[in-house]
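Should a chain be cited, it is by its letter among A, B, C and D, assigned in written order, with residues numbered from 1 in that chain.
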């Protein structure tokens, strides 16, 4: 279907509640009244088989006097994004919850509540999600009257943790847990070794990136902060941001820049998947394979340092293209490295496939059925390991992927092992893509010059990161910076299925099951508690600490 | 005598506990990278341990978000003396790119006494090795404050 | 179960094949790639104190302050993200990217750079016009074509006032 | 007993071949372990003095005790005592076969189980969920692998017909190594599996599982307590292989060649354990239990039957 036929079908939906506002390129924006929202979402889900991506809360009081909530859906088969916009009166900012239709909307609605102050009605779990525990109520950081460097006074806001069912005891994972590189707090309820329930308190890494992006930094500075949303797939984020702005402003970037972005994205996938493979082995105590796969990975880091000047945060993405060209001998240097990686990976994979103890740990752990995968709108290798055939590189083509030939790797095993296999196959696909892209690399400019960016245009862009589809929503603003910038990382949706994954598993399965999602909390969080310490816990005040440090010195 | 012996042992056997105080993962991955074959930090007796109880050094990354502050203090307390606090990355050093955001506290020194800062975004594994070696007094410091005044 | 053990011993052999790869660092220096972006340094002789770097820096680590002793450019390199935006923005190529990465220190002040540049004050009202070096640079570049350049040490306001009084000068300013 | 005898037995227990000797060699074996692991992982690994520096540092650290710390303090001492006594009995009998007493083999089997029991006590009294779950896991594991271990020891008892350590050595002097018989070989395999678990090596480090239970029973230990547990573990990593070699792999005579052969066999056993440790993923508790109660126990029982049949 083309965007036109989709628009036609939507406007003829029962009750004619969906009012098409705008169509540009692959994005269709429709306006829906708050009362009709749930019906519209149901229509999209049932009749158009839409996939819920995320919702964006916007403080549009200066433009139209309203708070806006944009729910973004993807029609994967039609290569189209559908945005349902709802205008809300600031005095009565409530929106009906769509969690009954898409469980994935759970966190999105809570985030909009925390950051903008739009309450979801009928939400099953309306606890605080994003903001720190000591953040006051009624202060909403993403409203435009909140200044980015305000530090509201400490006001203890107790986030009630769920209590375990009778007979079960608590097993805390986190906030600092060896297998999770990042702070997150998962409270498992266990009976002996068996997990009977869990509670989650994340967002320890909430750094307020979106706020900085739309109030402090300029258009060309945001790629730098976007790259630091995640240290592993940073280039994905800066590319997604740049593409979203380029879409909103109608900028065409040179062919060569598209190809170089593709090359860097695929290099990132290679190192990220190797990294994950190593970590997954580390989770189950197999440190030798951890060391070996990181050894194989290291040349990629040297390669990116040679291409871009930095090992991880490349810092070469700009709106309109790139700031650095590939070095002249890039092809000659990249090919031997990736070929050697492929050869070594195959060796390791051979070993893994014959290896009983690895299969014993991975097979049957962290089961995610196709139905659950679809309902919870998971993405990336997590979805593809459960037989859900989605990939933003094919469904929403970007960079140079439309010109390249690759296979979307799908496995039907639905467990951690299937997700491992998806990633291993993607590794060789990535190397194939790198070969193609470098062979076809056109000559020419690497950036177009940009005059000015017109305000109040929305751009949505999706990029397939190693962990799944990253999507950014940018609403262009007036003072050389976005008015609203929303980042949706793949782990945001994927993390919400942890309770499903751990159903019926044992404690020993928990790290690898969670790990098999390749969770990235810093991406997700951009932005009560079990006492591990025996004996009394004292909280130092700043003065006490200063005194202590002086004594030490 | 005993003291010299303990000091020698301490310097030859630093067990580090890695704390992510809201970092982007970049530094964390580089810290792990330091363990892996090309950099092999075990040469210096440095090991990554998984509980603060066993740790001699806290390797903290990230700008210290508001939510993480309290837990960080508890971890500091759970680590027994003698201990080192090492700030890894530009975020932990001075707050990084989000030093003035509402959700961060702008660097580790606002919360804990820091023994050594290893700036970098992320610091390369070599830089982390160098920093830890510097904290142990094995290698010299290579940077100093620069002040230029026009004559 | 014994079959698995044997396949895993084979795995050990596969691993041994790679041999020992550990680098000599820190006992031998590790050369960085030519493109590597390390610690930022300032070539003070070139800096004219225009502040373009401060505007470009995403981490806002460069602050520009005018005081009694001149214009102070303060670099808080502790939070540098090594993006080279300042380097790209600098019109004088005064910002140098070194390959230095061994920057660990126990004192944050070691990561600071402070530049103090002389200022030119408006001869009429005493407002800050620009740094001495910036004014000199303009004079040097335009000097041959525009005779006296008497307006160079005036602030924009006074320049405008002056221009109204003196049409010749106006022509010069417009040009 | 006169003073010189008392002095001698204290010397035997604390210095040689008891605590100090075994601890030093055992710690050095942990270095061998880390070095071999490093080689398999393509890196250099720690310097030779690493384990000693670790222990020295741990002794220099401050240690905080939880409230009601009796069990918590008692456990590491128990662990070290158990392994010290086991070391004394094994080495002393080897040096001077005449001093063995009836039933010393049984005593040894019990002593070798003490460190694991100490771990359970320490974990349970550490008041942390990780310690508690680790202690629980260790408890299930102890039952499972001790059963297999006992079966393999029983094979030796049946073949030799005595519970004296000295008699086993004498038997192998006459009839050759026990491992060369069918039942003896089966028992050796079973014993190797079991000591892998007794030493808490992968794939059976289930109770400590650093990436799941952040050290399990050891999670709350620091300083001296942790050092004692490490020492006890290190001593066991010498005593266990020696025990296996003596039990199954032939006699040891007071000649240089025989001693060299003994060292060689010991090294093979230790290196085999380390390589297996470096190339395995950790099993889940239920998988390990079904392995021990299933395959290992069945194979062990078959060994016993064969031994009874005289094979």
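A few comments on the model shown:
Operating definition for what follows: a residue touches a chain if its C-beta (ideal position, glycine included) is under 8 Å from a C-beta of that chain, and two chains touch if they have at least 3 such contacts.
Since this is a predicted model, take the numbers as computed values, not measurements.
Set side by side, C-D and B-C show the greater C-beta contact count at B-C.
Per-chain Cα centroids separate chain C from chain D by 62 Å. Look at where the CA atoms of chain A average out and do the same for chain B: the two points lie 28 Å apart. Annotation: 37 Å between the Cα-based centres of chain B and chain D. For chain B, the set of residues touching two or more other chains reads 36-38, 40, 43, 50, 96-97, 100, 121, 124. Residue positions of chain C touching 2 or more other chains, listed in rising order: 1, 8, 11-12, 15, 18, 20-22, 58-60, 81-82.
Among the residues of chain A, those touching two or more other chains are numbered 178, 216, 224-225, 228, 288, 291-292, 295, 310, 313, 355, 357, 532. Because contacts link each chain to all the remaining chains, their graph is best described as complete. On the side of chain A, the complex with chain B involves touching residues 131-135, 141, 146, 148-152, 175-176, 178, 181-183, 203-209, 211-212, 216, 224-225, 228-232, 234, 275, 278, 290-292, 294-295, 298, 301, 310-313, 520, 522, 527, 529, 532-533, 537-540, 542, 545, 548-549, 552-553. Interface residues of chain C facing chain B in the complex, by the touch rule stated above, are 18, 20-23, 25-26, 30, 39, 42, 44, 58-61, 70, 76-82, 100-106, 108-118, 132-133.
Put simply, chain A touches chain D in their complex at residues 169-172, 177-179, 190, 192-193, 281-288, 291-292, 295, 355, 357-358, 360-361, 506-511, 530, 532, 534-535. Note for the complex: chain B touches chain A at residues 18-30, 32-33, 35-38, 50, 52, 62-63, 65-68, 70-71, 73-75, 77-78, 96-98, 100-104, 110-113, 121-122, 124.
If you check the complex, the residues on chain D that touch chain B are 34, 38, 41-47, 49-50, 52-57, 59-64, 210-211, 214-215, 218-223, 226.
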